[in-house]
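Here's the structure we're looking at; comments come further down.
Order of writing sets the labels: A, B and C. Residues in every chain begin at 1.
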Amino acid sequence: MTYDSLDWRLDEDGVGLLTLDRPDRLNAMNWQVAEEIETFFRTDALSDEVRAIVVTGAGRAFSAGADLDAAEQVFAYDRSLLEILDKFRERYDQPPYQQKVRDGGGRMTLAINAVPKPVIAAINGPAVGFGATMTLAMDARLMSSAARIGFVFGRIGLVPEAASSWFLPRIVGLARSLELVYTADIIDASLALQYGLVRSVHEPDRLVEEAMIFARRCTSDRSPYATGLTKRLVYHGAGAGDPLEAHLSDSLATYWASLVDAQEGIAAFQEHRRPRFTGRASDIPDLF
Amino acid sequence: MTYDSLDWRLDEDGVGLLTLDRPDRLNAMNWQVAEEIETFFRTDALSDEVRAIVVTGAGRAFSAGADLDAAEQVFAYDRSLLEILDKFRERYDQPPYQQKVRDGGGRMTLAINAVPKPVIAAINGPAVGFGATMTLAMDARLMSSAARIGFVFGRIGLVPEAASSWFLPRIVGLARSLELVYTADIIDASLALQYGLVRSVHEPDRLVEEAMIFARRCTSDRSPYATGLTKRLVYHGAGAGDPLEAHLSDSLATYWASLVDAQEGIAAFQEHRRPRFTGRASDIPDLF
Amino acid sequence: MTYDSLDWRLDEDGVGLLTLDRPDRLNAMNWQVAEEIETFFRTDALSDEVRAIVVTGAGRAFSAGADLDAAEQVFAYDRSLLEILDKFRERYDQPPYQQKVRDGGGRMTLAINAVPKPVIAAINGPAVGFGATMTLAMDARLMSSAARIGFVFGRIGLVPEAASSWFLPRIVGLARSLELVYTADIIDASLALQYGLVRSVHEPDRLVEEAMIFARRCTSDRSPYATGLTKRLVYHGAGAGDPLEAHLSDSLATYWASLVDAQEGIAAFQEHRRPRFTGRASDIPDLF
């Protein structure tokens, strides 16, 4: 697959670097870019050659969010849909809802979240609007000391999207979530770190390399099969009603992992050697 | 509406200050005060003239919680209700459950949470029992350096109420929640800040002004319509089972916001001018 | 009840110390130890003489997790169960699922979580694998400055178990949870404290005493009945969909607490004397 607005390269160790690549537009999104991103996470990202994905931006920005010069395209909803809006929840993935009512940001973040392997944001420069919320669906956020991030929707009469109302409170807590979206401030890296919005701050010229190193820590000598199940478990558990639900799910995941890679993992541990895992992320079962 | 135990004044910019006004009783609650508070948040607070609400206490306390001198009134439950207690969940808002079984604190915090605009606690002095839990349903907490806060229920054989078991873990996490309610300690402002229970600590004579400034940061040049939807989304997302649920809700909210104020917001942003939003909080639809 | 692998002693003030007592095996788990732990939390721990429980390890480790020398026993799942795995969720507590599919770690942590009184981990030395996840179901974690903790499952092709995917995100947040399980690092006490994974760090020779002191702070002059309800409310609220659910539950809990110990608690407070509570943890009703 080739992309117009994305640059995708894969290391030999399976860590890929996806670069949002419209630097002249500060890597802003329009429908075409959004479709490329969703396609990437629904296709190339799922290849078993890919063990983890680092996402960054070309040029000085991470992403300016929705391209407001294309706003008529992005935010001009069809008022006639009001008549059938009450059916949206049950038919959201059918026409006309799929294209005309579903938030494009959420289509992307659900695709990111569905990738059963680590996805890591390397926030190299300003990340605002969807440029900020898209990173919430990634599993870790590293930030350049020169970057800033802001959930600016309130400034333009909009609401936080991209399923951010699920991710953000689970990352920074409820009170800081409300503050970030009410003030709509664009905060710097040190405040983002203090809020727990990002895991670490790095010198600009070290950022992507540090993100790649972190990605390798999450994948080297790991079973992609067990890692995929682990990702599913943690996100599911973070939304589950009670520990019993997590118990039922992790019982099944342990059963599957034991059939696939755990015997080898334990043997390697006991023999003081590196494991030779064979499980594939693409084979993980549905646990829920 | 006039109140015996509350003082309510509204700035010309729409930021209101609600003062719990029984300083001789340390702003403690009895049924009459509770009813006034619930009435305030179900009526005056919903007026579209009101853009945000700061809540503080008159005199040296924020609130001493339930007025224990009226405890016979507040905590004397009717044992004969035991026979019909099994029907409480389905009939909680009907007699006799509505008045005789429902926790009065929860009736107030649900009313606070239902206000689709920022509600901000300015904790000027001791906040204990319901005086502490009522602030959890507010969207931000600022605290005087001289104030203290404590979930003291355990000291008198009671349990944390006012739906605090939903709010507290989402603000400070599960482990700190358990510690706060098990120890029932009354903690000072610096520990409250360290725990993330309050967003900031201020000099006593600056507290209310700082809370008003914060309220203005959340409302100035904002669409009340989009802000109301935003509040609904964040609380709903914090309790939702999975990101898809948030996606369906924020798709609908984005649709509505786009019809109401987003076009103006984007135009103003592009024209480098202040937006003229017309949407009203009282018009937001039910998203869920 | 006597145990082969556990040491259990109860202070006269009702604070018990449970010591994992296979120091030559670093207090690792096999099926026999797991069964003893589950039995302890389903029997002795529920005695009304027991007001709180501190859990620590004998010797230099807290617990090395599953005894990998018994791994064939622990992780050798029966492939023939695949045929009936689709019925697991509805029949998880019946044969053959109860013994052959359910994760043994989760059986223990659900038993720990079901104890309606404070359970406190005193992490005296390395806590890895289930040695780490078992502490997540406890209500507070104190840690020796010499101890380390790690969710190492990924290193051996396994997944985090013991319902940890429910507990961990609610203690340290979603992003740190993912980092801890992806990296599978064994972290030291100061990082565990910084992450909010433990509440405090202590000198090794002070750890257990500090945990006992903390346990007494949670139980002295407290109603075991109200404390039991409080624990149920906080865990339930942390997983509940919305504040209304917490309101319905804490209304019922307040009703019950008022019938049992609140009148005495309020009277003692007003008379400036210590309360004489009579409620028992074993009598708390099912609220949900």
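Convention: a residue touches a chain if its C-beta (ideal position, glycine included) is under 8 Å from a C-beta of that chain, and two chains touch if they have at least 3 such contacts.
These figures come from a predicted structure and were not determined experimentally.
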TODO: Specify, for the interface formed by the sequence copies chain A and chain C, whether it is same or different in terms of residue numbers shared by both sides, with half as the dividing line.
DONE: different
Task: Fitting chain B to chain C on CA atoms, where both chains share a sequence, rotation angle to nearest 5 degrees - done: 120
Task: Between chain A and chain C, centroid-to-centroid distance (C-alpha), Å - done: 32
Open item on the list: Residues of chain B that contact two or more other chains, please.
Closed with: 167, 170, 173, 235-236, 240-241
Task: chain B partner contacts - residues on chain A that touch it in the complex - done: 68-69, 71, 75-77, 79, 81-82, 85, 88-89, 92, 101-103, 106-107, 109-110, 113, 137, 153-170, 173-179, 181-185, 235-236, 239-241
TODO: Can you check the complex and tell me which residues of chain B touch chain A?
DONE: 118, 139-141, 167, 170-173, 196, 199, 217-218, 221-223, 225-227, 229-231, 233-238, 240-255, 257-266, 268-270, 275, 277, 279
